[in-house]
């Protein structure tokens, strides 16, 4: 997974039926020193991440499907958790 | 997912049977400032995106299969939605 | 998918049983202006593409399996179609 | 797989239910000469790797599921082993 | 798939149970002119490739499972064949 910061949102109304109800966040990737990288990912969010928060994004995974789903959600990136802390060596790189 | 602009189309008649009826768009990737990047993707479109529109492209996902399909569609990129708005921080980067 | 040109072939006799009968082409990637890129992919071909032809290559997809297959083919790239035309904006970038 | 060194940990309490109990390590990638690269990966660890150890990280694989799992774990990187030795040509690049 | 040369081996004893008995090779990637690239991959080998040989490596594929397997092998790269010849245009780039 990569570390990213929530920077914005993307709205789409004309979309695949399987995308109905999926909230999309614009994430900017963060390097292992805590700096913003010039790369982004639009990811599905089922965790409820807010603007400016650091999150873990999983890419190219097959998204977990809701129970009884008849169609796979075709997302290639999703927020899997809001980050509390990132520790590197003996220091704390980030605390929420 | 990445944000891309519809720039063209690709036509192929001699292809895998599973590709029959799949519309292929040439998409140019867009960075998080809204500029065109020197990268493209040919993606399957089931959403009906038009020339010049901004879309969300999902890559390396396993494409959702039509009901009763006996073969998996071997696409590695698909348009999953036409973008209405992209908001970054407190501003609007794009409105359709 | 990416656009590529058929440049050669790769032959392997000592291989995984699941690779038996799989024809392997050496493809050189093409950018969205039609120029050759310094990147290649060895891809399985079930379409019958010939030397010099432009093809669509799907990467990291799970290859469709032959009926009754008991083993998955472990290829990560395959030719899914021979390209007839590529149109960009209002012009024709390529015609077979 | 890639070779990486364990550099830290990432903690997340507000996360997808499927991520419960998953230990997350911050790994820094290592090149084939044994030098640290400016790239990292946050990976799930079920092997028990410790700080400073060299590990093998598998990316974009579908994570093996625990028996009886009803949900797929949406991780795209996992530690699959702690490295004892890396041998290149006739020399030993690394010994634990 | 990419073309690579076998350069070494990686040994891990503390690992996921699903990795038991998997032989791991250190491969260095080769470009389409036959030169070594500064990139490597640690790949599972079920083909029996030897030091210095050129092989085909498939990445991010889901590895074929042994019959009766109850767990997926979490490898993201595997040797799928030892290369006999690579032909480019009308010349022979490599012969074993």
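As written, the chain order gives the labels A, B, C, D and E, with residue 1 at the start of each chain.
We adopt the following convention: contacts are C-beta pairs under 8 Å (C-beta built on N, C-alpha and C of every residue); 3 or more make two chains touch, one makes a residue touch a chain.
Source: prediction; values computed, not measured.
J.: What shortest step count links chain A and chain D in the network of chain contacts?
T.: Graph distance in the chain contact network comes out at 1.
J.: Between 0 and 180 degrees and rounded to the nearest 5, what angle rotates chain C's CA atoms onto those of chain D?
T.: 145
J.: Could you grab the centroid distance between chain C and chain E? Build each centroid from C-alpha atoms only and quote it in angstrom.
T.: Their C-alpha centroids are separated by 20 Å.
J.: How many angstrom between the C-alpha centroids of chain E and chain A?
T.: 32
J.: Mind pulling the residue numbers of chain D that touch at least two other chains?
T.: Chain D, residues with two or more chain partners: 60, 62.
J.: Determine the shape of the graph in which chains are vertices and touching pairs are edges (line, ring, star, complete, other).
T.: Here the contact pattern is a ring, one closed loop where every chain has two partners.
J.: Mind sorting the chains in ring order for me, with chain D at the start and chain E directly after?
T.: Chains encountered around the ring, chain D first and chain E next: D, E, C, B, A.
J.: Name, in rising order, each residue of chain E that touches chain C in their complex.
T.: 1-3, 31-32, 46-48, 56, 58-65, 67, 78, 80-89, 93
J.: Can you tell me which positions in chain E touch chain D when the two form their complex?
T.: By the definition above, chain E touches chain D via 7-16, 18-19, 24, 26, 28, 38, 40-43, 51, 60, 62, 70-77.
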